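Following this line, the structures themselves.
Heads up, the next two complexes both have chain A, just with different partners, chain B and then chain C.
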Partner chain A sequence: MTVAAVITGVGPVAPGGVGATEFWQAISAGRNLLARITRFDPEDNPVTIAGEVSFDADELIEHRYLVQTDRATQFGLAAADLAMADAMFSPPALNPFAAGVITTSCVGGAESLQRGLGKLWRCGPDHVSPYQSFASSHAATTGQVSIRDTMKGPCGVLVTDEAGGLDTLAHARRAIRRGARIMIAGAAEAPLCPYALAPQYSARMLSESADPRTAYLPFSHDARGYVPAEGAAMFVVESAADAAERGSRPKAVISGHGATFSAVAAFDPSGEGLAMACRKAITAAGCRPEDIDVVFADATAIPTADRAEVTVIKSLFGTKVPVTAPKAGFGRAYASSSALDAAAAVLSLDHGIIPPIPALAEPIDELDFVVGAPRRAELRTALVLARGYGGMNSALVLRRPDH
Partner chain B sequence: MMRRVVITGMGVTAPGGVGVSAFWELLTAGRPMTRLITRFDATPFRSRMAAECDLHPAVHGTTTRDTRWLDRYLQFATAAATEALRDSGLNAVEEDEWRVGVVMGTALGSAALLEQNYVVMSDSGAKWELDHQYGSPHLHLAWTPSMLGAEIARLCGARGPVHTVSSGCTAGIDAVGYAAQLILDGDADVVVAGGAEAPISPVTVGSFDAIRVTSSRNDDPEHSCRPFDRDRDGFVLGEGAAVLVLEERRHAIRRGATVLCEVAGYATLSSAHHMTGLTTDGRVLAVAITQVLNQARLGPTEIDYISANGTGTRQNDRHETNAVKLALGQYAYSVPMSSIKSMIGHALGASGAIELVASALAIERGAVPPTANLMAADPECDLDYVPDTAREHRVNVALSLGSGFGGFQSVMALRRPDSRGVETSRL
Partner chain C sequence: MSSISEQTYQELASVILQCGGITVSIHRLSHRGTTFADIGVDSLGMLAVVRELEHRRRVDLGATAAQDCRTPHQLMSRLCEACDGEV
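After this line comes the complex of A and B, so read on.
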């Protein structure tokens, strides 16, 4: 008998909302939280709008972790704290070897790498920080969370671009099924530094609009690419039995996951790989396409990719399933974008409310997009879609625990 | 019926030669490949040595396009994957592409390429806001190491789960372990897995200098990496790649593949102690070893060879020695345990995969590679490290150990095919 893995805690750190309550308030109201970049001076850049997290690191992160971590890891540490508080879990676990951490990111500690490179090349080898060897590593967030919270169990670091948030949840479920009692899983990302952004301009996927209200319009005829964002989302995942024993209320069941690869980078226009990921996830969840009550779309706002996603949703579910993309209000936070989508989906199932796409005047197709205002609905099963730039597709089925 | 995971093909790119044959020849000859760095001018640095690969792309399966467009670590991986696929006899066209996956590990990915571009775009570090027009055209791909998994997936036609593992220095073992889990869980029938790394660049050398974990024996590069030796003073950087073809056992048998060995157990734990430091007792690594033995349903005395992490730092070698003693008890003194990093250096996220190939070869060829440069053992490192010369030795079960920054401790057991009829427990 397979063990059911449930999510008992959600810790989002997003533009407009640190913690589940704030995050839910921001996305369910459909607020637009995009603004001109303040992390550095974007004056000479084609991209000037982003979703920035308003975050007091000094308040949320213990000093000794603060000095040796990148902003991304600081988001991750804070998100893990929030998720554990939400799950009413205070580390250390009774058995530290049964508690593990699995995280993902696209660019790792990019800002730390840029700072380190600057010191080395401007001042010389003697000026390289002793933290340089790990602060910019993709493994830093898993390492620091495991150290701070004494989690000695199965630890890991996955990189599947923007799909990573979903893949880490699937991996946490693997660990639970192999006997781990509690897993912290999720994504942390802080790509709003000059060097992480600059190489992307030539790829022409980022929105160059200077107007925050119209910069990120997925599924619209005016779609012109996505707005980059920073943030994190961590989850507490445990077996249903352990959650019950602890008296912690499960918010969602990780019920099915599918991962595939499209050999065409930059969002395969055919959508074939994404469709297969959906079918795998739905089959694994033991449900049928008509059981899906809401789809959280990948929503890149890159016209060919939006078109591919619409085609996939239509071919599998028809035009009746509600489709939403709250990230249109706060930006696409790379690996954290799918983790924040999963957080939104969990909260959505929990509240019986679908958070909207803030604005969508002229949709490219007649799907049932949830636009402008939250929609109350009987939600039992949610599907979250994600695509990585390099061709990774991922689909995750989450269910309300009573089903 | 319980699924089982076997290895049906291997490929390797390592200092001293490309391909499994050259690699095994180098290891059994006990020949260190550590030299002064030639990839860049390392004069200003404390540690100026590395074991570098000499890859001739055209000879080793990479095309002109690959050489032009692929970052160095991707070229290593491509060469190793090409060899592994050929070795396995896997015919991609006959496979269900959605059931073929890829899991590759790397610690730094394209960090060297990012550094080269940074120097140009920032005018040698003078500017914080960078001029994007001076970057190379596909530089946005360099930030995410997932390009490694994607590149290998394109090469072998995989359309199942394609994931990259970036858990630092244990990434190579972790990628293979994760691949095995995908097969056991029924998410794929074939997974091409391994690790690749090309870390030899100023920023990497500079960051390791800053915490003094690399050897500074620049006047004697060949004997600079001395795992378990009294006079060891740190690791020496390496580079390379290794790729293994993992298959569900019945899938392999059905297509008539040669089974090289079986993946019998895998665990990765975190010591939750320090990002770069280790506890001397080695307790967490010992727990990982015990977990792997339990999964494989093996007793300590059934282990015939241990491929050590053996970096040659003061801390690691004691930590590892104590872990093995804790896990295996008195038997720890009887099992040969060696570090091939003494010859090919530390290729970070690739080394775990490279060492798994060495372990699989030990099983297949009935010999264990030596620890080179072990002249006088540290009194606290008192196990059988197979000093200097390879040893003929029948190996049914090999254990490969990894330990890295972040506190990750990873262990994998490989077993001779059908050396025992029991089925793998949950891995």
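After this line comes the complex of A and C, so read on.
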């Protein structure tokens, strides 16, 4: 029999909420948490609105890790702590070689890279920290979590843009099926620095609106691109049997995952790749489209990509399935965006409540968008969608465990 | 070689905190048996500590100081030599 992989701990670090309780309060209320960027002076930048995390690194991260990590990794370390506490798991594991870490990031440690380059050119090579050798690496978060928490089992790093947050959960499930006993999986991003944002401006996918209330309006006729955000979400994944033995309550079952690559220069406007990822995920979960009780949409607010996503949802599920995108309230945090969506879906299944899209006055289509207020619903199965720039598509089916 | 003053260990402690994020007492630092590994300073942290001392004192501790000096006492002795005993 195939081993069922379950999520026993959720650790979100998001604008508006550090930890599952705060995060859920923010998203279920449909609050808009977008605001003018304060991490740097955005005056001369086309993008001035973002979703920033209120985060006291000194309080949450041990000092020895602070000096050698980027803000992204600090988010990841804090999120891993939160997820493990939520799962009632204290590292190290009994067998450290059966405990692993798989994380994803799109931007990596761009802020520390920017600082290091600044020091290099301003002061010379002697002033660049030796820790710069890995602080800006995409692998840093996996490395630091595995070192700090003595996780010597299967470790890895994915770079698949926004799709990564879902892909890591699929990898974690695979590791559990191959014999790992506990996996930390998730995403961490801190892209709110000029060096990370500058290369994105020419693609014109980021919202250049200066009004936080209207800057990020996915599925709206007024959609003008997405608002960037920072944050992380980590999960504890283990087998249902191990969770039961530890007395840790499973919050969701990782039921099915599908990933495809459309090989395009942007977000696949055809939607074909996303549709195939959905079909794969649903088939892998052993369910039918009509079993899906809620869809957490990718919601780029790029008109062609929104249209493609709506077409996929409509063609597979019709217009009756509730569709939401809580990220419209706090921004699109690259790989962490889909990880935070997965966290939102897990909490949604757990509470029987769909968190809303904060505002959507004029939707582009007649889907059943959940807007403005949370909706109570009998939720058994959630589908989370994510697309990466360049054509990565990922779909994840999560199920409420049978208690 | 002159003896190493408490003030010098105090400075080393502040460099270790700045470069490695590790708080360590002067008492522990000045104990001859204490190693950097005991305190938790890793190999990259050693590179940063050595370089910061070189910047502050405007001396060259040698290319292999971070590898050679396993203990604070050894590093302080090397600093003492590099500064002609004036630390």
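By our rule, the second predicted complex is superposed on the first by the 402 of 403 C-alpha atoms of A that agree within 3 Å, B and C clash if a C-alpha of one lies under 4 Å from a C-alpha of the other, contacts with A are read in each partner's own complex, and residues count from 1 in each chain.
Everything below uses one rule, namely that contacts are C-beta pairs under 8 Å (C-beta built on N, C-alpha and C of every residue); 3 or more make two chains touch, one makes a residue touch a chain.
Owing to the predicted nature of the structure, the values given are computational and were not obtained by experimental measurement.
Room for both chain B and chain C is found when the two structures are superposed via chain A, with no clash between them.
Contact with chain B, but none with chain C, is seen for A:391 once the two complexes are overlaid on the shared chain.
Once the two complexes are overlaid on the shared chain, A:152 sits against chain B while remaining clear of chain C.
Once the two complexes are laid over each other on the shared chain, residue contacts for A:133 go to chain B and to chain C alike.
Contacts of A:68 after superposition on the shared chain: both chain B and chain C are touched.
Ranking chain B and chain C by residues of chain A touched puts B first.
The angle formed at chain A by the C-alpha centres of chain B and chain C is 60 degrees to the nearest 10.
With chain A used as the common frame, chain B approaches chain C to a shortest CA-CA distance of 6 Å. When the two complexes are laid over each other on chain A, chain A has residues 68, 129-131, 133 in contact with both chain B and chain C.
The residues of chain B lying in touch with chain A in their complex are 44-46, 98, 102, 107-109, 111, 114-115, 117-119, 121-122, 124-126, 128-132, 135, 137, 139-147, 149-150, 153-154, 157-168, 171, 174, 178, 181, 185, 187, 202-203, 205-211, 213, 267-276, 284, 287, 404-408, 426-427. By the touch criterion given at the top, residues 62-68, 126, 129-131, 133 of chain A touch chain C in their complex.
Those residues of chain C whose C-beta lies close enough to touch chain A in the complex are 17-23, 40, 44-45, 47-48, 51, 55.
The residues of chain A lying in touch with chain B in their complex are 40-41, 44-45, 68, 96-97, 100-101, 106-108, 110, 113-114, 116-125, 128-134, 137-140, 142-144, 146-147, 149-161, 167, 171, 174, 177-179, 191, 194-196, 198-203, 259-263, 265, 273, 276, 280, 388-392.
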